[in-house]
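As structure tokens, here come the structures.
In what comes next, subunit A is part of two complexes: it sits with subunit B in the first one and with subunit C in the second one.
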Partner chain A sequence: MSMLNYHHFPIYSIMVLFFGAFLIAAIGGRDIAKNRKTTGVRAFIPLLATAASLAFLIALIKPVMLGGEVIAYWMGSRGISNGYAIGIALEVDALSLFFALLIATALFVSAVYSIKYMEHDDNIGQYYILYCMLGGGVLGLVLSGDIFNMFIMVEILTFAAVALTAFRTKVYGALEAAFKYLVVGCMGSTLILTGVIMLYAQYHTLNLAQLAALIPGTMNNATKLAFALLYIGFSTKAFIVPFHPLAADAHGAAPASISVLISGVLTKSGIYGIIRLTYFLFQTMELGAMQFMLVFVGSVSMFVCVTMALAQHDFKRLLAFHSISQIGYVLAAVGLSTALGISAGLYHAMNHTLFKGLLFLAAGAVLHETGTTDLGKLGGLSKKMPHTTVLFLIGAFSISGVPPFNGFASKWMIYQATYQKAVETGNIGFLLVTIIALITSVLTLASFVKVSQSVFFGQLPAEYENVKEVPFGMRLAMGILAVLCVITGLVPQLVTRYLTEPAARAVFRVGDYISSMGFASQTPAPAVSFAQVGVWEPISWLLILCIALLAVTIVAVAGKYDRVSVRSSETVDTKYQLFYGGEDNFHSQVGGGDLFWGFKHNWRHYFSFMHDLHSGIVNDYALWAVVALALSIVFVMIVL
Partner chain B sequence: MTSILLNALQYLGYILIFPGFLFCFVCGMLLCGIDRKLVARMQKRVGPPILQPFYDFFKLCGKETIIPDAASRTTFLAAPLVGLAALVVIQLFVPIHGFSAFYGMADVIVILYLLLIPALASILGAAASGSPYAGIGLSREMVTIISCELPLVLILLAIAKTVGNALGTGLCFSLSAIADYQLVHGSLITKARMIPAAIAMLLVIPGETGNHPFDAAEAETEICEGMLAEYSGGPLAVFKLSHAVKMLTLTSLFVALFLGGVGTGITAVDGVVVFILCVIVTAVSISFVHAVTARLKIEQIFKYYWTVVSGLALVSLVLAWYGL
Partner chain C sequence: MITFNYICSFFLIVLGFYTIVTKYNLVKTVIGMSVMDYGVNLLIISVGYHPGGTAPIFTQGELTAASSFVDPIPQALTLTSIVIGACVTAMSMALVIKLEESYGTLDTREIRRLRG
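Let's turn to the complex of A and B:
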């Protein structure tokens, strides 16, 4: 095969990142003297590597997404021998490619952002080495056709992520967060390894396709145990309940460019693992009990984490909880096991990467300029950072599901999918999921109203008088994501046709996945339908809104709406000051923690319960992991 | 070519005249005036003339607009306009007895979300003013939105299920299908199982529009009209207009969802009929409630909506679910 045959592209996209990491190390990972020239080169290598990686994956859209091809790629000249897969293989179907595209996009944007954002940090070389390792690890995980390599990649990405979480060691809590992540992350990795070993002992193969061909129908207690171990292992990577407190700590301490990766990339790898495990390896998703498990965990994640987010008073911790809440949406939708549900879940996963990336970058911009992310201390930054404010608002509207941004398009599909499922099965539980999803959405809006009021609007504290807008490079990174947020919201039909529906269809074509690797498959692909009951035409709506807005503005301007009194600079006129009922003007910003008192008061028992539960002690969280494992083992043993 | 032009003109007419701006402006303001008169009469006052909201509006437009030093100018000025435009667009999607200006472009769940945009516009405008009163006001407004969301969701799901059962599809979100259903089967309010939902919707309307007793977000006497504290002149006039249009939008949504039925087929007559129904709904759900209650505290509003009103809506949903 020629070097430029697209069958090589998956391995290229992984290799460039690892190669980039080695190249940076070769230049010198350690800053001995603060040499601006090599710093620039080091920032340029990851940029180039992630861009190349993204380009390789985009080139695969045509054959894999549109052509429906499953690329099976053997490393070296290995292959199938005596009916067993020997050697390392990559296998790329539309599902893998979909996740890989998300990951590569987030990696690229975050690399653009890092150039300026990390400029003043020490040891920038090490940062970029870990950055590339992390990226390569996650891409390797989603493109791998071999379960042991998935474990290897999980290890690489976990350790890179732990090190990057603590990269700014002087930040309060960074080492503690990294330690917690390390403990529970290692438990997760160990569970995955144990699960892999148990599967190998039973089936003498590590190839995903071959396992998928062998496991269904031959399940015994050992494979069931392996399922539970792998499931909990991937759950720790996705940070779904009960592993959500780790995400909050890690996001709070990590640099914003890494938070983007933890939320947009690492959680996706966990979700990907769960989909591969349930739909492909064990093919258990036809069981109502398995659907129940995923939908239940997803719903609990979305609701618990959104309420936890409402109680936060740190910008990045708040975003971290929202991240898990949105992953809850994804998991609940994917767990429905209907074509529309999976398509909606994947759509939301994509949107989550885009808008949550944007929001974390905005939080990073605020941190970069003011040095804090405490909602109680900030305020009024919109006058100093107008571009960041607009970009933040786009992200906030997207995550809150305000039409016509992308969050609405995917959440709206999720509501339909859950309600349809409820009607089809006659199970009122799925109806409850619809209601929880809708309420979670409005609570999300509430907490972003809180952020905009306490960071970007309201009164500007005196100490931030000299804050400036962030450098262009950082705004560019945010701008890319903001544009993507708007586009994917305006053309949902195109997104579903070219990205999510092929990926969702791949989930049902387990047979293709197995036979592409060269194994016999008995699983016929079922007919799937993506029909929706709702109607929503964002572009027409936007057009009408624009006409209406234009009309209002013309009338308003004609009616001297902007007859604004101009303040003369010399005189002090009290009418331009805020109204304080006759008192002197003073700083009286309503702190973020004090907003929504009316809501929190009614839920005070719930919040105090949650407060006690989230003790911040890593022993407790490790205990939760053990309990979750025990419960899932019992559950799996009963239902499978 | 001419047909395209005529089509464009027709749609422009929909947006600007009926059921768009002019209709919203006149009917919304009239509705507001009638509400004020009714409340006054119920409280044994003479009350303002019915055209008072128009006088107020034009008087405000002539006044000076002051932007506080602490405000973010663009957001502060743009918020009222965006809110008004978004409200008018919702009105375009609400069918008037079978007549719908923009057919099949948005369903009930979309309407639920579109209703957030005007509220969000006023919240961002208030936040941009920098006033602490506005800060408290927007916090209460957001809690009021959360309060109303649960009952609204339950009501809409109950309707979706009821109509879907009759159509044989199981569920239906389309507004025009709901209107068609009522053409054949009679108004939804005549179905016994939908009556609790209709009552719940009547209670949601004053919460959504921010009328008494659910007006903790404005609360003139405590927090100086909260979100509007720093607004004056033209922008304030637009906010007042938005409030009036919101009353029209929600009452006509109620009419479309629960009081639909056979129209005369003549759009103008149907428009008048719908407006009269809107007046009746306003009288019941806004004026009467206003006249007999005192303002609730914000935590009481939340509790009330998530227990009593949601409970009513839930009864309908469960009945609809089991097809009783």
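Let's turn to the complex of A and C:
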């Protein structure tokens, strides 16, 4: 095979990142002399490596996404011997490629952003080494065709993520967040390894395709235990309930460029692992009980995390809880096991990477200029940072599901999918999921109204009078994501045709996945209708949005609205004011400190219960992991 | 005999979990993580065991249908796992040192600035 044959591209896209890490280390990890020239080179290498990685993966869209080919690639040309896979393989189907494309995009954008954002940090060489290792680890995970290799990649990415979380050791809580993440993350990794070994003991192979060919129909108690171990292991990587506090800690403490990766990339790798495990390896998603498990965990994640987010007063921590809430949507949709559900889930996974990345980068921009992410201290930055404000608002509209941005497209599909499932099965529970998803979306919007009010609008504190707009490089990175958010919202037909539908089809074509590797498949491809996928018109919503904006502008201009903003000196007693009412709270921009004090007051028992529950003690989080493991073992033993 | 290995390995894994959940000292948490790792390593190596097997090292022509040897793959996996375990310990100890420097304590109940 020629070197430029596209079958080599998956391994190139992984190796280029690891090679980049090696190259940065070779140049020298430490900048003792603060040599500006080598710093520039070091920032350039990851940029080049991530761009090359993305280019290799984009080149695979044509054969894999459109041609429906599954690339099976044996490393060192050791393949199958006597019916057993003895080599290490990469296997790339549309699902792997879909996740790999998301990951590579996030890596590239974050590398662009890092150049200016990390400029003033020391030891920037180490940062970029870990950055490339993290990227290579995640890409290796989603492109691997070997379950032990998946474990190795999980360890590499966990390690790099922990080290990067603690990279700014002086940041409030960074070390603590990293340690908690390391402890629970390592418990998860150990569970994955134990599961892998138990599968190996039963089937004497580590190849994913061969395991998928062997496991269904031959399950015994050991394989069921392995399933539960692997499921909880990948759950810790996806940060779904009950592992969400780790995500919140890690996101809050890590540099913003890394928060983008933790939310956009690491959680995706966990979701990918769960899909591979349930749909491919064990093929258990036909069972109503397994669908229930994923949909239930997803719904709980989306609701619990959005209410946790409402109570936060740190910008990045709030975004972190929203991130897991959106992952709940993805998991609930994927768990439906219908064509529409999986397409919707994957679509939302893609949108989540884009809008969450954008929001974290905007939070990073605020931190870069003001030095804080405390919502109580910020305010009025729209006057000083107009571009960042617009970009943030695009991200906020997207995550809240305001048409015509991309969040609406995928959330609409999720509502449709859960409702369709409820109608098909006659199960009222799925209708409840639709309602939870709607409520969560409303609460998300409420929360982002609060964030935009307390960071970008309202009164500008005197200490931020000299704040400037962020450098062009950072705005460029945010701009790329904002443009992608708008595009994927406006043309959902193209997105579904070229990206999500091939990936969702791949989920149902387990037989192809097995036979491409050279094993005999027992599973016939089910007949699945994709007719319902993506039938709605976003352009009309864009027109409605434009008309509404125009109307507001005309009314505002014609009515000569009062330009004076609320001054805290004038608002003597804020208790009874509309919107700004509530108890006085110091460090606060608007009188009551919160736009939704009435809502929070009525739910105070729930909020204080949740606050006490998230105690911040690592033992508690470890206990949650053990309880989740025990529950899932019992559940799996009963239903499988 | 090999059943005893399996029981022991799962006992070690659970003991590791128990240590992490119940001990409030950071160093003990790290020890718990190591114990958990050792349990998994014991499990892996036991999976490859073959009664009466020799080391899986053969030269050309030495290997016959009658030769009995242990499964080499779990041994390779164990090596990888041991290396990862050592890295985990090193990194968590580094974090513990830094935590002790900035919090002045090793008690997990006091290292909880991030909560709620």
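Following the convention adopted for this analysis, the second predicted complex is superposed on the first by the 585 of 640 C-alpha atoms of A that agree within 3 Å, B and C clash if a C-alpha of one lies under 4 Å from a C-alpha of the other, contacts with A are read in each partner's own complex, and residues count from 1 in each chain.
Methods note: a contact is a pair of C-beta atoms (placed from the backbone, for glycine too) under 8 Å apart; a residue touches a chain by one contact, two chains touch by 3 or more.
On a predicted model such as this, the values are computed, not experimentally measured, just so you know.
Asks: What is the contact status of A:Y419 with respect to subunit B (first) and subunit C (second): first, second, both, or neither?
Replies: Only subunit B is touched by A:Y419; subunit C is not.
Asks: Among the partners subunit B and subunit C, which is in contact with a greater number of residues of subunit A?
Replies: Looking at subunit A, the partner in contact with more of its residues is B.
Asks: Applying the touch criterion given at the start, work out whether A:Q283 contacts subunit B, subunit C, both or neither, answering first, second, both or neither.
Replies: Neither subunit B nor subunit C is touched by A:Q283.
Asks: Quick check on the superposed pair: does A:A201 touch subunit B, subunit C, both, or neither? Answer first, second, both or neither.
Replies: A:A201 sits against subunit C, while subunit B stays out of touch.
Asks: So, A:E155: does it touch subunit B (first), subunit C (second), both, or neither?
Replies: A:E155 sits against subunit C, while subunit B stays out of touch.
Asks: Applying the document's definition of touch, where does A:S382 land relative to subunit B and subunit C: first, second, both, or neither?
Replies: first
Asks: On subunit A, what residues does subunit B touch that subunit C touches as well?
Replies: In the superposed arrangement, which is not itself an observed complex, subunit A uses no residue for both subunit B and subunit C.
Asks: Of all residues in subunit A, which touch subunit C in the complex?
Replies: 148, 152, 155, 159, 162-163, 166, 169, 172-173, 175-179, 182-183, 186-187, 189-190, 193-194, 197, 200-201, 206, 248-249, 252-253, 311, 317, 610-611, 614-619, 622-623, 626
Asks: Using the touch definition up top, name the residues of subunit C that touch subunit A in the complex.
Replies: 13, 16-17, 20-24, 26, 29, 33, 36-37, 40, 43-44, 47, 73-74, 77, 80-81, 84, 87-88, 91-92, 95-96, 98-99, 102-103, 108-109, 111-116
Asks: Can you name the residues of subunit B that touch subunit A in the complex?
Replies: 12, 15-16, 20-21, 61, 64-70, 72, 74-75, 77, 81-82, 84-86, 88-89, 92, 102, 104-107, 109-110, 112-114, 116-117, 120, 123-124, 127-133, 135-136, 138-140, 142-143, 145-146, 149-150, 153-154, 157, 160-161, 164, 169-174, 216, 224, 229-230, 233-235, 238, 297-299, 301-303, 306, 317, 321
Asks: Would you tell me which residues of subunit A are touching subunit B in their complex?
Replies: Touching subunit B: residues 380, 382-383, 386, 389, 393, 397, 401-403, 408, 412, 415-416, 419-420, 423-424, 428, 431, 434-435, 438-439, 442-443, 445-446, 449, 452-453, 456-460, 533-537, 540-541, 544-545, 547-549, 551-553, 556, 559-565, 567, 575-579, 581, 588-590, 594-599, 601-602 of subunit A.
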